[in-house]
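Structures are listed in the sections that come next.
Here come two complexes built around chain A, the first alongside chain B, the second alongside chain C.
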Partner chain A sequence: MSNKAKNWLGRVIVLAALIFLPHVIKDRYFMHIVVTAGIFMILCMSWNLLAGYAGLLNLGHAAFYGIGAYTSALLAMKLGVSPWFGLFAGGLVAAFFGFLLGIPSLRLSGPYLAITTIGFAEILRLVAVNWVSLTRGSLGLSGIPLLTPIKWGNWSFKFYLEKDYYYVVLAAAVITFFCIRRLTGSEFGVSLQALRDDEPGARSIGIKTTGYKLAVFTASAFFAGFAGALFAHFARLVSPETMALHTTMDILTMTMIGGLGTLAGPILGAVTLTFFSEWLRYLEEMIKLDIRPVVYGFMLILTILFMREGLAGILRRLTERLRGGRPVSKGERKQ
Partner chain B sequence: MTEILRTENLTKSFGGLCAVKDVSFSIEEGNIMGLIGPNGAGKTTLINLISGAFPPSSGKIVFAGRDISRCKAHTANNLGIARTFQIVRIFNKLTVRENILAGLVDRRENGPWKLMGKAMFSKYFSVIDNEKACGEADRLLDFVGIGRYRDEQAENLPYALSKRLEIARAMATQPKLLLLDEPSSGLNPAELVDQIELIRQINRQGITILIIEHVMKVIMDISHQLIVLHYGEKIAEGDPMKVYTDPQVVEAYLGDDTDAAH
Partner chain C sequence: MAPVGNPAAGVINGLHMDTLFFQQVLNGLIIGSLYSLVAIGLTMIFGVMKISNFAHGDYCMVGAYVALFITAWIPGWMGWVGSILAAAAVVGLLGIVTERLIFRPLLTRWTEIDTIMVSVGLFILLENLAQLFFGATPRMMPDPFGGATVRIGPVSTSLFRVFCFGFSIVIIAALQAFLNRSKMGVAIRATSQNRFAAQLMGIDINLVYLLTFFLGAALAGIGGVLYGTLFAVYPLMGGMPTLKAFVVTILGGLGSIRGAIFGAFILGIAEALGGNYIAMEYKDAIGFFIIILVLLIRPTGLFGEKEGA
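On to the complex of A and B.
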């Protein structure tokens, strides 16, 4: 069998397994965790595009998530706009804010950029807290409409249960993955990685670094806003807390542990840590201690010290060893 | 022969320090122009000015008949000026071949937004699967003699080879003028000979070269013309042998007490 056929077969098998998952596991609580993991997967993929591929350490990513969630929720509640349209509107409004945040990033780098982005998210959080007439302040918006049923002749699909949302999030995650794969594997992506590795070097080969930074901020924010809108219609509750720093830190931890700057990293990280933190919640109730931040911090340190490529790197080395032969370098793998 | 680059009264000061002062010179197309001078003479600053890394305080740079004094670095490159750096600036996390692929992207026609659109909507998007680009990249890598390292991560290259990668990357942008900032620093004598040969070969392809060099043997060997900077000012220019024996140049390098040499 040719390599291409093998690739396609692999994809079809994985996709079929994912489609059948809700028919195998009927536990609603479990499906809830899976959907949450899926939403975080999209968030992590979008953050990874910025931080992993373009080297722009955005610590205000939760703001894009919140903007997407509030936009779609408000459109549906105040104007009666279809939530399906809201998913894209949420992405577009977040993309606009992404472009705005991209502007200061042209002059800032490293820790200065990180601090500015934290400030950006904090401002938006405070706006959401204080603009009570629109956002109901820290109470948050509740009773956000569900996704409207899809009708096709006599056939219709309603969105009530976790498993219904599972399919929406699955489709969204798959679409996001292929978009990000295109963005990072293309001439655009190579240019991003070039400016991440060396800005003056990138400029010297004609890369307009300012334009690339704006473009990648916009694209990344779009997907984060999209994830936020999905979350709004799934959880049916959005509060200013969504935009707090701890959400960004969750995204960061998941992506770093999964593997920063790799395609598989955000997926592995989001799934692993969402399930792990549910397990930790059990543990916390048993020992009556809030240990999650401590465990996360410790895992992050270990990742940075001992496995820079995260879970994705471990997985790669494992598959290479199984195939036999010496460990292969990054480029040869792509042959 | 026609002139490809000209500077007129080029001056750059950082605060009170005048790094380049009133420098006027021109390079003819197809030539190798050597740029020498003691440490701190302003050689690298001059290259930074021409390549658009920062704007001049005053004066003018004319490239192929066009005033580029205010051009940014990426614009200068799009117009046909490529450069290497004194301390190599390669893309460490990319593979050797990807370094070249980044340089091969046609940026004269494609800005970031357009490339983003292409990535999303074109049928073939992957640079790694683009046989034409990869073939071109491999040809360049073979040309500078590092073809067999093409799949290595760039940061794993030994220093001498990373300098070659940087030259190949600059060549990938198809420049008319190549600025080389100390291409032979840190090389051993054998590597030095190869490097000189490489620079000659690039020049034979019709690419004009401006080269900063400390190793006198290299500079005397390959340059058609020489220009000497001292404390930011041009003190001599012209035929290498004539410049070499110019009393002002000797003074700049050895100090003014000529009796001490006896």
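On to the complex of A and C.
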């Protein structure tokens, strides 16, 4: 069998397994965790596009997520717009804000960019808290409508249970993954990595850094907003806390542990940490201590110090060893 | 009541407006002095090691907890003075430990994202360890002056607040004297200007790193004691000083001590006035508005040097 056929066979098997998952596991709570992991997966992938590939450290990513969630929720609640349309509207509005945030970020780097993006998210969070007539302030919006059923002749599919949402999130995550894979593999993606590693150098060989930075901000914000809109119609509750620094911290912890600047990293990180944190929840109930965030912080530090390529790096080394090749460092890092 | 303030500005409520304005400027100066204590450490560490430490405000939190225990143990004035010394020592040591264990290993393969992220990890860790050990309930620290007030011109304020201002100024002056006059201080400044040249001149830059972290953290620890006495002590109290200190140092330009002091007072006064005259709800966002505006015009802050200096 040729390599290409093997790859395709692998993909089909994985996809089939994912499609049958809800039929094997009937537990609703488990499916809830899976859907949450899926939404975080999209968020982490979008953050990774900015931070991992373009080297733009956005510490206000939760703002895009929140914008998407509020946009879709408000459209559905105040104007009765279909949530399906809201998903894209949420992404588009977030993309617009991403473009806006991209403008001051063009000339900024490192800590300057980090603080500007934190400030951006903090300002938006305060707007959500204080614009009570629209957002109901810190109470948040509750009772957001579910996704409307899809009808096709006699056949209809209702979105009510976790497993129904599972398919939407699965589709969204798969589409996001392939979009981002396409983006990072294209000339655009390679230019971004050049920009990350050496901006003046990239400019000197004719890469238009300004346009690329704006584009990557916009694209990343679109996916984050989309994830936010999904979350709004799934959890049916959005509060200003969605945009708080803690959400961004979760996103970046997941991505770093999964492997920054790798395609598989955000997926591995989101899945591993969501399930790990559920397991820790059991442990917490046993020992009556809130140890989850401590473990998160510890893992983040250890990952950066000792396994910079994260879980994705470990996985790659393992597969290379299994294939009998010599493990090589891919050199994702800036020198 | 004796007429105070500027009579020329007084129409009907002129006197009252003036008093309010003066009160807010005073508040701004006091808060600004606290910001500068925290921000100086941040900017020194950035200047010397090019590390943006997002856990810097948590040094304040640790300092405040140290003070909380000392003041509960020794009552009155003595306890408070002791708590300042203990906070400076303990937090300074914590600074050294974090430098050695976390930041030093990253220096050899320095990337901006790695150092920022590792400090974010430290921030998450310290904040939640504190929550684990001390619980989430905010606790109050006794005012060493027993709540005495003083009158300054038209307004009265607590003696402790005035003391905070004076104390911060003294500490900052002492630090400036140390940096300008002592051999070690000059070594810190030299390393800040050019790490490699400093090394060539025979400066032990590892010692400079340790000392900078010790000083920066100790200052934040002292700031934390003042913060905690003015407001309250709780595990998440470090987040605000971190962000404020970053706003201040970015306003003044990262690495510049004078810029940090200047930025701290600008932010303190802008927040006090903006909170009063524009919108209280957005008080904590004022700093962010200012820096976004400043960075749009000058991407390395008001007094910042060009990148790569």
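One rule holds in what follows: the second predicted complex is superposed on the first by the 327 of 335 C-alpha atoms of A that agree within 3 Å, B and C clash if a C-alpha of one lies under 4 Å from a C-alpha of the other, contacts with A are read in each partner's own complex, and residues count from 1 in each chain.
One rule holds in what follows: a contact is a pair of C-beta atoms (placed from the backbone, for glycine too) under 8 Å apart; a residue touches a chain by one contact, two chains touch by 3 or more.
These numbers were taken from a predicted model, which means no experiment stands behind them.
Using the contact criterion defined above for the overlaid structures, shared-chain residue A:G201 touches chain B, although it does not reach chain C. Using the contact criterion defined above for the overlaid structures, shared-chain residue A:I67 touches neither chain B nor chain C, since it reaches no partner.
In the superposition on chain A, A:R182 contacts chain B only, with no contact to chain C.
Residue contacts after overlaying the shared chain place A:L43 against neither chain B nor chain C.
In the superposed pair of complexes, A:V190 makes contact with chain B only, with no contact to chain C. When the two complexes are overlaid on their common chain A, residue A:G110 makes contact with chain C while staying clear of chain B.
In the superposition on chain A, A:V169 contacts neither chain B nor chain C.
In the superposed pair of complexes, A:M243 makes contact with neither chain B nor chain C. Common to the chain B and chain C interfaces on chain A are residues 334. Taken together, the chain A residues at the contact with chain B in this complex read 179, 182-183, 185-191, 193-194, 196-198, 200-209, 211-212, 214-215, 219, 261, 329-332, 334-335.
Chain C contributes residues 46, 52, 54, 102, 105-106, 109, 111-114, 116-118, 120-129, 131-132, 239, 243, 246-247, 250, 254, 279, 281-282, 284-285, 287-289, 291-292, 295-296, 299-301, 307 to its touches with chain A in the complex. By the touch criterion given at the top, residues 51, 53, 72-74, 77-78, 82-83, 85, 89-99, 101-103, 105, 107-108, 110-113, 115-116, 118-120, 125-128, 150-153, 156, 169-170, 172-173 of chain B touch chain A in their complex.
Remark: chain A residues 51, 55, 57, 59, 104, 107-112, 114-116, 118-120, 122-123, 126, 129-130, 245, 249, 252-253, 256, 260, 289-291, 293-294, 296-301, 304-305, 308, 333-334 touch chain C in the complex.
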